[in-house]
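Mind having a look at this structure? Questions to follow.
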Amino acid sequence: MSTVLRIVPETFVVRRPHRMIERHVVAYRRQWMIVFSGFFEPLFYLLSMRAGVGDLVGDVRVGGRSVPYDAFVAPALMASSAMNGAIFDSTGNVLHRLKYARIYDAALATPMGPADVAVGEIGWALIRGQVYAIGFLAVMAGLGLTESWWSLMALPVCALIGLTFASIGFLGTTYMRGWSDMDIVNTAMMPLFLFSATFFPISSYGDWGWVVQLSPLYHGVALVRAANAGVWTGSLVVHALVLVVISVVALVLASRRVDRLLRR
Amino acid sequence: MSTPGPLRVVNSHVVVFRRFWRLNVLSSFVQPMLYLLGLGVGVGALVDRNAGSTDTLGGVPYVAFVAPGVIVTTAMTIGALESMWPVMGGLRWRREYHGMAATPLGATDIVLGHGIWMAVRAGVAAAAVGVALALFDDTRSWGLLPAIVVAMFVGIAFAMPTMAYSIGAEMDGAFAALQRFVIIPLFLFGGAFYPLSQLPEAVQWIARAFPLWHGVVVARGFTTDHGAPIDWVAVAGHLGYVALWAVVGTVVAVRRLERRLYP
Amino acid sequence: MSSVASPASAAAPSSPEPLIVARGLTKSFDGFEAVKGIDLEVRPGEFFGFLGPNGAGKSSTMRMIACVSPVSSGTLRLFGLDPARDGARIRARIGVVPQLDTLDTELSVQENLWIYGRFFDLPRSECRRRATELLEFAQLSDRADSVVEHLSGGMKRRLSIARSLINDPELLLLDEPTTGLDPQARHVLWERLYRLKQQGVTQVLTTHYMDEAEQLCDRLVVMDQGRIVAEGSPRELIDRYSTREVLELRFAAGTNDQHGALLAGIGDKQEVLPDRVLVYADDGEAALSEAHHRGARPESALVRRSSLEDVFLQLTGRSLVD
C-alpha cells in the first residue's frame, strides 16, 4: 500500500465535527462579551451610514433603480459582516488553538480527525455568523430597509459567504507564522470591505469594474442585494458559483494543510 | 547625567518594535489610506454630486472634509489598540513590566514611557497619512502640519485612559467591549466622516464627551479654508479638554499600575 | 477508577497477544530519518519504557504509536489493528499524555475533562461521573472550577494524566510525564502511575530520568540515533552493561588523567571524566583500598550501586546531544 493511500482516508473522514462546536459553546460561556459585542459592529456602521452619510449622498442608482443610500448600503454591510465574522473566527481564534493553546493536538489524540477539526471550526464560524445575520436582518426590517419576504433569502446567502471566507481564512491560518501576521489579514480584508461595491456602486469604477469582480465579497454583496430586492436574474448563478468553487477548493486544501501540520 | 526613567522605558519599546515595524506599516498607514480612498474618494464622488451637501460640509469637497478626520482617527486607533493587548501582555504574558519594576524604574516611569512611545507611534502614523494627503490638490494644505500635532495629542488622550483600563482588565472580552462599544462607534459617529449636526442631539453629546471629536474639529479648522480666521480661544478649549483626558488617564494608570506591581 | 475492571497481571506478562507490535518501523521527515527501523513488542499489563537522549527518536516513535503520525515504512499494529486504516478506532482505546501540556486554557479544570470525554463520544452524564472520579484521583477536586491558566506545573501535569484516562484506556502513552516537575510532584505522579499499573493498564513511557525508569518500568529499550541499542528489564541491563558497584573518586583539579593512569587495571573498567574518575567494579570497597594501596589520595571517594544511568551513558556516550 502506498503512503498516499494510507494518509488520505484520515484526512477527509468527517465523524464528529460537532464536538468541536460543543467545546466552543462551553469556552465562550465565559467570554460571552466577545460574541455579544460582535453583533454591534455592522449595526453601528449601518446606523452611521444611515444617519450621517445617507443625507449627504441622497439616492443611489443601482440596477436601473434609484434607492436611498441606507437601503443601498445595508445589504452590503450584511454581506461584509458575514465575511468579517467568518474571517475572525477562522484566523485569530484558529491560530491561537493551532499554535499556542495546541487544542487541536489534544483533539487528534482522541478519535477526532483533522477533518473533524476543520469542519467543526468552519461550522462554528457559520453558526455564529447566522446568529449575527438574523439579528442584522431583523434590524434592517425594523428600519424599513427590507422590501419583501425574499429578504429572508439573504440568510442562506450569508451562510455561503461565511463558508467561503471561513475556508479561505482557515487555509491562510495554516501558513501563519505568528500573531503579527494578523496585521496582514486585517489589511487584506479592508480593500475587500471598502471596494466590493459596498459603499458605492460598481459603475463608479468605470473601466476598472473588472477589478472589483475579482473580490469574492463583491459576488456575495450582489447576491444579498438581489435577495433583499427580490430581483432574481441569471447572473446570480454565476455569483453563487464563484463562491461555491472558492469554498470547495479552499476547504480541500485546508484539510490537507491541517493534516500535514498536525499529523506529522 | 543618566537617562531619565521614562526614556529608558521608551528605549525598550523601540528595541521590540524594530522586529515588527514592517507589519505595523500595514496597519498604521495602509489601512487609513484605504479608508480615505474608499470613503473619502469613492463615497465622496456620490456626495459631491449631490448639490445640497456642499453647504453641510462648509463648502469643501467631501475628501477634504474627511481627510483631517482620517488623520485624527488613525492616531486614536493606534493609541487605543496599542494600549490594550500590549499592556495586558506586559503584566501577564511577557511580564516586562514586572521586569522593569525589579529595577530602579517605577510605575510612573513605565506609564510615562508608554505615553511617550504612544505619542511617537501616533505622531508618525498621522504624519505618514499627512504626507500622502499633501500629494493631492484637494487635500494639500499647510494646515496638515498642526493637524498632525493635534492628532498626536488625541492619540495620547486615548492611550492613557486605555492603559489605565487595561491594567485592571481581567479577560480578553474587556477589550472586545472597549473596541466595539467605544472605539468603533467613535470612529463612525465622532465627526470624522460627517458633521455631528447630522446626528440626533443625544448622540452628539456622547460624541462630544470623548476627545476624538474635539481633535477632529480643531484639525479640520486648520486644514480646510473657511474664509474665516481661526478662533484660537475655541482651539485652546478643545485642546484643553483633550489634554484633560490624557492627564486623568495618566494619573489613574500610575495608581493602578502601582497597586498591581507593588501590592 | 473503579471502572478499570481487569486486575493486575503485571507480574506475569505472558499473554500470547502483544498489545503493540512494531517491525522495521521507520519515520522520516523531509529526508531526515528520525526512527531507523525498530522492532518491539509490548504485552498487556506491561510498563514499558523508552530511554534515550534528546533526538533519539523516542517522541517520533510515541507519536506513531499514538496514531497521530503516519508510519513512513515498516509495520505497526496496536490491538492487532493498523493505525493507517483504523487510527480512530485505536485512539478510542488509548490515552495520551503529551510531552508538552495541551490542556485547554480557555476551559476550567473539570470542563477540560468533560470536553475531552465528549471527543470520545462519551455521554454527558458519563463524562461528569468520570470527571469527578478522575479529579479525585489527580488530587484536583478542590480546583475543579479553576481556570487552567492558574494551575501550577505539577497540577497541570496531573490534569493531563487525568484527562488521558477519561476513556478508560487499555493503553496509556506517557511522553516525558515528569519533565520540569519538582521532586514532590514527581513522587505523587509515580505513585498514581503505579496504581494504574496495579489496575492492569498497559503503560508506555519515555523519559530521560534513570530513576524514573528504574522505579516504574518492567522492561525498557534504550534508543540512540533512531535505533534500539539495548533491551531488557532495568536489572538485566545493569547486569549486562555495567558492574555491580561504581567507585567515584575526586582528585585535585587537573590531575584526573594522571590518576586515571595510576588506577589502570583496578575493577573491570575505569573512566576519566572532567570532574571525576569512575572505577567500575563488583566490589567497590576492595577497589578503593587497592587505589589507596597504589598511592592515590582522592579528595573524596564514594562507592555506590550501579544505576541505569551508568548503562545509559555507556550506551549512548557522554557528549551532549541537543
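Of note:
So that you can tell them apart, the chains are marked A, B and C in the order they are listed, and the count of residues begins at 1 in each.
Basically, contacts are C-beta pairs under 8 Å (C-beta built on N, C-alpha and C of every residue); 3 or more make two chains touch, one makes a residue touch a chain.
Worth saying up front: this structure is predicted, and the values here are computed from it rather than measured.
Ranking A-C and A-B by contacting C-beta pairs places A-B first. Closest chain to the protein centre (all Cα atoms averaged), using per-chain Cα means: A. Note: the chain lying farthest from subunit C is B, by mean C-alpha position. Centre-to-centre separation between subunit B and subunit C, using Cα means, comes to 56 Å. Rounded to whole angstrom units, the spacing between the C-alpha centres of subunit A and subunit C is 46. Chain geometry summary: the mean Cα position of subunit A and that of subunit B are 29 Å apart.
Touching two or more other chains at once are residues 30-31 of subunit A. By the touch rule above, subunit B contacts subunit A in their complex via residues 20, 23-24, 26-27, 30-31, 34-35, 37-39, 42-43, 45-47, 50, 52-53, 56-57, 62, 171-174, 176-177, 179-181, 184-185, 188-189, 193-194, 198-200, 203. Residues 30-34, 37-38, 40-41, 44-45, 47-48, 51-53, 55-58, 60, 69, 180-181, 183-184, 186-187, 190-191, 193-195, 199-200, 204 of subunit A are the ones that touch subunit B when the two sit in their complex. Those residues of subunit C lying in contact with subunit A across their complex are 29, 63, 66, 68-72, 84-85, 87-89, 91-92, 96, 98, 100, 102-107, 111, 114-116, 118-121, 163-164, 167.
By the touch criterion stated above, subunit A contacts subunit C in their complex at residues 1, 3, 6-7, 9-10, 13, 15-16, 19, 22-23, 26-27, 30-31, 101-103, 105-113, 262-264.
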